[in-house]
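Let me begin by presenting the structure, written as structure tokens, before commenting on it.
As written, the chains take the letters A, B, C and D, and residue 1 is the first residue of each chain.
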Amino acid sequence: MADLQAIVDSVYYDLSDRIGEGKLADYIPELATVDPKQFGIALVTVDGQTHAAGDTETAFSIQSISKVFTLTLALGKIGDGLWKRVGREPSGNAFNSIVQLEQEKGKPRNPFINAGAIAVADVVLAGHLPKEAIGEIVQFIRHLADDESIAIDQNVARSETQTGYRNVALANFMKAFRNLDHPVEHVLGVYFHHCAIAMSCRQLAHAGLYLASAGRNPLNGGSVVSASRARRINALMLMCGHYDGSGDFAYRVGLPGKSGVGGGILATAPGKASIAVWSPGLNEVGNSQLGSAALELLAQRTGWSVFGQ
Amino acid sequence: MADLQAIVDSVYYDLSDRIGEGKLADYIPELATVDPKQFGIALVTVDGQTHAAGDTETAFSIQSISKVFTLTLALGKIGDGLWKRVGREPSGNAFNSIVQLEQEKGKPRNPFINAGAIAVADVVLAGHLPKEAIGEIVQFIRHLADDESIAIDQNVARSETQTGYRNVALANFMKAFRNLDHPVEHVLGVYFHHCAIAMSCRQLAHAGLYLASAGRNPLNGGSVVSASRARRINALMLMCGHYDGSGDFAYRVGLPGKSGVGGGILATAPGKASIAVWSPGLNEVGNSQLGSAALELLAQRTGWSVFGQ
Amino acid sequence: MADLQAIVDSVYYDLSDRIGEGKLADYIPELATVDPKQFGIALVTVDGQTHAAGDTETAFSIQSISKVFTLTLALGKIGDGLWKRVGREPSGNAFNSIVQLEQEKGKPRNPFINAGAIAVADVVLAGHLPKEAIGEIVQFIRHLADDESIAIDQNVARSETQTGYRNVALANFMKAFRNLDHPVEHVLGVYFHHCAIAMSCRQLAHAGLYLASAGRNPLNGGSVVSASRARRINALMLMCGHYDGSGDFAYRVGLPGKSGVGGGILATAPGKASIAVWSPGLNEVGNSQLGSAALELLAQRTGWSVFGQ
Amino acid sequence: MADLQAIVDSVYYDLSDRIGEGKLADYIPELATVDPKQFGIALVTVDGQTHAAGDTETAFSIQSISKVFTLTLALGKIGDGLWKRVGREPSGNAFNSIVQLEQEKGKPRNPFINAGAIAVADVVLAGHLPKEAIGEIVQFIRHLADDESIAIDQNVARSETQTGYRNVALANFMKAFRNLDHPVEHVLGVYFHHCAIAMSCRQLAHAGLYLASAGRNPLNGGSVVSASRARRINALMLMCGHYDGSGDFAYRVGLPGKSGVGGGILATAPGKASIAVWSPGLNEVGNSQLGSAALELLAQRTGWSVFGQ
């Protein structure tokens, strides 16, 4: 599919003079040390072809993108029971806001804001020691990406553990409302470590392919989730995947996506492809500035949109 | 397309013993007088076929569904300039909340909450007397539905004018922030009247068809908006079309939709069909209870979802 | 009482080089036309002696200070029944905030924020035409001050009526919660007019004397309210009289007081004196900057404080 | 002063058939084990006379009343520098709300809500190990009450440490905004322990006497704080001492007071007396139900009010 490679190349080329734009996340000290002049685009089609441009082999901290995978695991464990613990509505607030959590009595609005992902981590932890739960998450992502080299960046995990006071606040607040079953430190141990997983664009696009192909991994034919669940995870990504910039992303790009403060975004073109972009500089609502621009161009040039042709 | 008719019939049949469920809107007195035991489903495919079941010829108050059409008109007038006046993010609040409006200095979060639609009405009013602007809106909808019989229910308009104190509050609040150009009474005159337009499911499904077919009206071949604008209106409907139940609707139904407190919902299956459902009883977040259930079943049985197959 | 006059003079003198400080209220256009370089202090003791310095004979717009008098009237009409309509707690918000009003279902937090005073105006209006209610308020204040020349500044009343969109919003919002008995325009007519009453410092200090002397007017011996009610009005002034600067005023000055955006402040030294200060420039929370400073110095130099010697 | 004893007795007697009213605090498990049928009133005049009725020798958990004493210590250490860290305004929210803390970027509204008292504990901790800071606080209170037997109830301290998730959340939230200098666990260690101090009504009334007598302890003539600081602490108690019931307390009782969820209230009649009441059952805003009623009656019968005679 020469066309797609040409599109990916053109998007990379057209944005290459903006590499370095945006602002590094600074609330996790380790993330502030990343070289901002990096930019990659990797696209894997549902028939298994990969198209890449730029820094697609460099591992970066996937941060909140990991929440897509822990959500998938938690739904596998308790199914729709999850929605007693977490809502499914956009938050209308910043990713780490605690206001909503007080107003709604400790139930986070969705699984992609920090509080919601912490509740999801609590579900993944059931029956496990923290170390085992972390191992299970890493193993699941390796399996999805078919790549055993994926690992946690321990410096990032440590940095976040030392400075993640707002997340400690969120977790304790939920604990006060009895919305966490396990000790706060265990839950946060799982959360901080899965956020610190490092992956390249290529690995990430592979790992997300099940969302674009009806829940199956087309590379090996295995089923990850049902087609219905894949659709629903895409729905959650579209509604809530970019915090308080989700509406803007849906309007401009028109594809489900999940961003992370490490500068990565994973997007789904259902029936077409899984796409991962990465550039560390963030825009004012905390999403990769160049990554967002790349997905907007890519959607225009491919004509991919969930909202019509 | 016998299949689709069979599906529409089966959905109607399977839900028929729940007709009358939900609670009538009571804050507009005139709406509380409607017979709750009504239920209709109308579906028009992009190749112009109509499939209907139940009360699809009875006109009902479309209320907030009208906001889709005024948004279309306002985008036609000032394009992306609209977004200086109104945001594009889900609100995380009830449809008539004023809290967000204070926090965000008079800029409504999106064009589908009441405050946003009032700002849109202000845009439509530019260069017109209120009566002319109302006439333009009605004429536009008649054109879209190809039906000159569509009209405003004056009893509903009067009822809303007499009791719409919250909307008066919202409009004055925006006026205080200089986010309305015209006199408050003029803007509200337009708003209350377009919300009082009465249409049947069949008319509504026809009127919304341009959103499913790349901006063109397939019945007469005319272009209503560009394909890109149609996608973007669908995006806004998906993100914000069901107030604080938008996430739930996206998760369960997976199609862009806009509900009204009259019990109607207009939904888009891009590239496939425009669908209108109606049943007056509302659920706890103000969306038609049976209408939501009908769209969920219909999406399941047709396999239509913007999030994959 | 030469001492007191000397103190008043010294306070005026020590602050005289700061005359003109602060920022004129600009949201009511007419108030923005006042000469900012004015400053007056008038103090009337419970035994009827007046001590004055500066511009104490110039009438200014008393604005929210009028709320003390309408509250007194409303308590006279319905007593503690008022507290079903209005709360007695500090608001923790700006004077014209609507957020609290939504969260607490249309019941204002106290009678001194705008929403609360509008509800009080609704009580005063009972059984009257707006014009009569306004007349009653003016008459009551003339009686308190023993001065028939006190009148409404019609320019200010008109200016506020034309631009008071936030107050229109507040009133309609309460009406939506059925917390106003009369038509919104009637209630606001009363409210805008009593806020536009013009008085001099000397008149204002006289009018407030009943609050310092156990509910009686020591000039003519007449009883205005019971001693218990005078105490309670003082309590409300202390808790809520300076909007979101009430805590700061209590801390620095230690006397019950009520400010207005016209730059006036009426303060009570129970058992000692009634004090009115005026200078049009406001601080960042909307209270007279020089007036606050004058009361702080005066309290220090007299040793007057409700919190001990 | 036979009169005062008679008044204290009459208040106790008139309320004695309501003993047991209200609801025990249940969020600290240890507090829920207290016998609710207890009620005491102790009053110490500025000339050192004690009048008591009921259970005035039983030690109870003073909880938030301890915040008066830590505030006094913190002001002694850094004076008005404290107000860079903590505000002086009523909160308009529940005692443990985190909403305000997010909106105001980690600066608590006043030193008597939990977040504010945690910031105060951080100040008291400066230059100390937690154990030393706790010791200093206990020693200060023993000195004020002239009673070496006052001690921390270790069961309560442990219970609160194990279940105080909301306080852990508040502290971490402030730490995220860099409004705590010391490790969160150290600060909370101090906070949880000073809240767990146990005192009798008699001890508490003695300890608070400096607030009623211009900053001096009339029993031994020693100066605790300046007269000006005593007034200001009283001002803070009046404005913020009863959480979101402060306005109601000021209106009904008219004296500065600080309540604790253990059912105690310490009140100041400036120039007259220090009063401590205790009964474990709380009203709906978390203040002692019988204690509030007792202070209201006592204020009526003594004629004591800061707002006039």
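Here is the rule we go by: contacts are C-beta pairs under 8 Å (C-beta built on N, C-alpha and C of every residue); 3 or more make two chains touch, one makes a residue touch a chain.
Being a predicted model, the structure only gives us computed values, none of them experimental.
> Touching chain B and chain D alike: which chains?
A chain counts here if it touches both chain B and chain D, which gives A, C.
> If you tally contacting C-beta pairs, which pair wins, A-B or A-D?
Higher contact count goes to A-B.
> Measuring between mean CA coordinates, which chain is farthest from chain C?
Farthest by centroid: A.
> Measuring from the mean C-alpha position of chain A to the mean C-alpha position of chain D, what distance in angstrom results?
47
> CA centre of chain A versus CA centre of chain B: separation in Å?
32
> For a test of understanding, state which residues of chain D touch chain C in their complex under the given definition.
Against chain C, the touching part of chain D is residues 87-93, 100, 109-110, 211-214, 227, 230-232, 234-236, 238-240, 244-248, 250-251, 254, 256, 268, 270-271, 305-309.
> Any idea which chain D residues touch chain A in the complex?
Result: residues 97-99, 101-103, 165-166, 168-173, 175-176, 184 of chain D touch chain A.
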